[in-house]
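First up is the structure itself, then whatever we jot down about it.
Labels run A, B and C following the written order; every chain starts at residue 1.
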Amino acid sequence: MSRPAARPLRITANVIGVLAFVVAIFPVYWMVNSSFLPRNKIRNPVPTWVPFGGDLDNYRTVFEGDQFLNAMKMSLIVTLCTVLVALVFAFVAAVALSRFRFRGRMSFIVTLLVIQMIPVEGLFISQYKMLEAMDLLNTVIGLTLLYVALVLPFTVWTLRGFVSGVPYELEEAAMMDGCSRMQAFFRVTFPLLAPGLVATGVFGFIQAWNEFTLALVVMTKEDKETLPLWLTTFADVNRGTDWGGIMAGSTLIAVPVIIFFLVVQGRMVGGLTSGAVKG
Amino acid sequence: MRIKKTLAGAALATLALTSLAACGSDSDSDGDNSGDAPKAADIRVWLNGTDTPQEARDWLKTTFEEQNPGSTLTIEEQEWDGLVERLTTALSSDSETPDVVEIGNTQAPTFTSAGAFSPLTDELEALGGDDLLQGFVDGATVDGETYAVPYYAGSKYIFYRKDLLEKAGLEVPTTMDEFVDAAVALKQDNPKPANFSGFWFPGQDWRNGATFIWDAGGDLAVESDGEWSGSLSSAESVAGLERAQQLFVEASGAPKDGNEADPWTPFCAGEVGMMSTPGWVKGLIEDPETGCPDTFAKEIGVFALPGSDGSPAPVLLGGSDIAIAAKSANQELAQKAVALMLSEDYQTILAENGLTPALNSLAPLLGDDEYAQATIAAASNAKLTPAAPGWATVEGSRVLEDLFSALAQGGDPADLAADADEQMNGQLNG
Amino acid sequence: MSDPVASTSTGAQTGAQTGTQTGTAPRPRRSPLPYALLVPAVAALLLALGYPLVRQVVLSFQDFGLAQQFGKPPEWVGLDNYTSLITDDYLWLVTLRSIVFCLVNAVLTMVIGVGLALLMRHMSRGIRILLQTGLLLAWAMPIVASLTVWQWLFDTNYGVINYLLTQIGFDFEGHSWLLRPLSFFFVATVIIVWMSVPFVAFTVYAALTQVSEELIEAAEIDGAGPAARLRHIIFPTIKPVLMVVGILQVIWDLRVFSQIYILQKAGGSTHDTNLLGTYIYRLGIGTGEFGMAAAVAIFMLVLTVALTSPYLRVMLKQEKEA
């Protein structure tokens, strides 16, 4: 792989890579570090760089009662449903938009764009009324519906970019070799979309995973709480915010995102690409 | 005494009603909601955060269910974060609305004037009448109707380091002038660390800053002929602002643009001589996880900030209201729940946990140590933010944070106050 | 269903040579297939956003506050919400400030994100995985935690950044990073770019994996230098994704809210640091003035369209040509 001429380039790239890594990771490190410290060490004139002498007290607080695990379950269900539905819907729409020409195509693209540009912050009042009328308050379906709509325009749009990035000529070549149109698409184009599906899937996951306002107004029953709602139990204005609890909770909240990424990354990029080569 | 009688009367009446209701339901068990007895239901009570002690919650549930056979009471804990959004939506829904809600006393006016709550005017007398914290009742009254009643209160008082006062040869101040002098002297007496505060006063802290305006005879905003206008630039208010500025510049080492969150952090770092905080901060300073129980916590003393005339200075009153959702289908049962929450038994539990009770006559239950005395003294002269319809907008636009922060940075008080008044005039009348 | 493949292969060869004139192949016009493919997405969007969006427009012409939310009939006020919005001088100051802030942040995010993605191709495998892990962790960090941590890092008295700068000999003891508006926006930019770069880097890197290795090698043999390869092979392939990601940055950075809101609570002057996100939040949603909030949302929409229009035109033109 490494071409001799590229050596200075590689060294520069590596140095920048390490620097960028340090900048990216430091706040994350600080969160994890704080999650092991008592509150009076977290904010102190002399920073505590490594959590030696720290303990698991904050994690013990997190696991007190079953609220955390409940919220984790609820978040996982809503988020996974959102990602799955959004990816499937967006994928077929993206194929339509980039592999077909049809009347209304341009208007659809423009509409998606405009929807993406509308500030959604003020919509929660109407969305609440709507779910109330549909009898979907405090339900997974209700919240998932709102989340799907939240990530769908972006997902369609980005996936369309990825589909367009694969030359149609590749499919045509496959068809000349005797593949049907479907076969050609799934053997040639689809594997090349895997990274795009991963990127948009992770994006949708993180959006839904961290969403606060909609969950706040839709899920008012304690057993329906998602993780971001649960996290606010540590911020009690009349008792002082439990920063240790927030940091421990946040650390745990980040873990499923990483797992999700590793799983889809491994599955899709590894699995599909190798399958495609064989095909 | 009168109050106790009223309460006893109310309790008796409740008992009588309950037994009547019981008889009634005996005689025609299938009857639909016969007579005055409310239909049995599950009453949902929203309480915020962990302020209400578990003991009080248990008492409320048990007592309510005893007195209202067939009905149940469920407490659903809410968080202060996002409370307004949640109330805005849930209180508008026939199916999802809670029956009784707790709401911050400064948030209450926004909802009371919008018709989110049922009027409690007729119940006011039975709930405590003149014995209720009057400021809270006023704040929840619109055009003669009262929509919320006080739940508990809390005001800030001064925490100080006994050792530092002693080292500087200072006595506990008894007037505003002495207090300011002491704050400045403490700062001079402790050149290290550089950010030491004789009086810890971060720039955004207008809630403590308002005290100096009120003490000097000024006000944040005034009403005349139904029109509200800012009165920060009145001569009295400016005198108060000058005093605040003196403290910012000569006595405080806190960040000039900082907020007042987590005061125990600088206190435990040894950077604070005096500070004005809510009483519960004591618990955090004494907690080994959050504070410094082995060092500075041992030196804490407290007093209510003295005013210019030697009586307690007017401080901003904090606390919570309770109200009944207008959309609640169980108005009568909800009223019973509210009555229980204002009962002597229930409020006693709150008082024993350090919350200033909603009934003036119960204040002695706070105890008689120096903390209780400071709490009672501070609450005795506490004030609320102006009851202007647009006050939420003023707070939202952070005019006052900007004003005090600019003061802390040395701006001219009269000019800054005039600017702030101009901004507020456009906002106060909604 | 008719087989849609009965079309000519327009310039397949030349397309492959120059990299890619990619995109839509010509199709018969009347196939129902593409419509069928759009149905799920359209249905979901209509169901979840149809009513709220229509209501949003209606609300913008009404005096609709908390009282109306609790049952008082709303009053039609025509364009009042809009006129009071656009006659507010401060709004225009904030708008200008927001546009500058948005462009600076979007450009920085794109440059850093795309730069990292391109460099990742040249990094050693270990370093690349290290960087990707770091970016993923930063991306996965819950927003509450990241905003809090950044605030701590820049804290006046207990901040690690002041501590370090003081340790290495600068006088940063008790330095307030938020006091001056420029410094405030610098901190905000650091946080926003830090939060946005992972998304850009990952998405663009994913797009780069679509670039054909053979084409690059062929170009190399033809003597094309790195710059030429970038311009003629790499950029054309990832252009659709770059466009999408770029526009999204503009959209998001124009309405940035949480970061500014949190920083204003921590320090600085609110009046001098308001951006559209925080100002209109306090104008509408934050004070329960939902009619005004709706008008504000539509104002934002128009502004976003205006700001991204050159971009959109290029993109749509490309669509038509494709």
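Things to note:
Going forward, a contact is a pair of C-beta atoms (placed from the backbone, for glycine too) under 8 Å apart; a residue touches a chain by one contact, two chains touch by 3 or more.
These numbers were taken from a predicted model, which means no experiment stands behind them.
When you average the Cα atoms of each chain and compare centres, the chain farthest from chain A turns out to be B. Counting C-beta pairs in contact across A-B and across A-C gives the higher total for A-C. Averaging C-alpha coordinates per chain places the centre of chain A 40 Å away from that of chain B.
With centres set at the average Cα position, the gap from chain A to chain C is 15 Å.
Residue positions 88, 92, 265, 271 of chain B each touch two or more of the other chains.
Taken residue by residue, chain A touches two or more other chains at 43-45, 125, 129, whereas all remaining positions touch fewer. Residue positions of chain C touching 2 or more other chains: 69, 157-158. Those residues of chain A that touch chain C in the shared complex are 6, 9-10, 12-14, 16-18, 20-25, 27-28, 30-31, 34, 42-47, 85, 88-90, 92-93, 95-106, 108-110, 113-119, 121-123, 125-127, 129-130, 145-146, 148-149, 152-154, 156-158, 160-162, 164-169, 172-173, 175, 181, 192, 195-196, 198-200, 202-203, 206, 210, 227-228, 231, 243, 246-247, 250-251, 253-254, 257-258, 261.
Chain contact summary for the complex, chain B toward chain C: residues 84, 88, 91-92, 110-111, 113-116, 194-195, 203-204, 253, 255-259, 265-266, 271, 326-327, 392-393, 396-399, 401-402, 405-406, 409. Touching chain A in their complex are the following residues of chain C: 3-5, 9, 12, 15-16, 20, 22-27, 29, 31, 33-35, 37-38, 40-42, 44-45, 47-49, 51-53, 55-56, 59, 69, 116, 119-120, 122-124, 127-128, 130-131, 133-146, 148-150, 152-153, 155, 157-158, 160, 163, 194, 197-199, 202-203, 205-207, 209-210, 226, 237-238, 240-241, 243-245, 247-248, 251, 255, 257, 281, 284-285, 290, 293-294, 296-297, 300-301, 304-305, 308, 312, 316, 319-320, 322.
Contact residues of chain B toward chain A in the complex are 49-51, 76-77, 79-82, 85-86, 88-90, 92-93, 95-96, 154, 193, 261-262, 264-265, 268-269, 271, 278, 280-281, 284, 288-292.
Every residue of chain A that touches chain B in the complex is listed here, in rising order: 38-40, 43-45, 57, 124-125, 128-129, 132, 137-138, 212-213, 216-217, 220-222, 229, 232-233, 235-241, 244.
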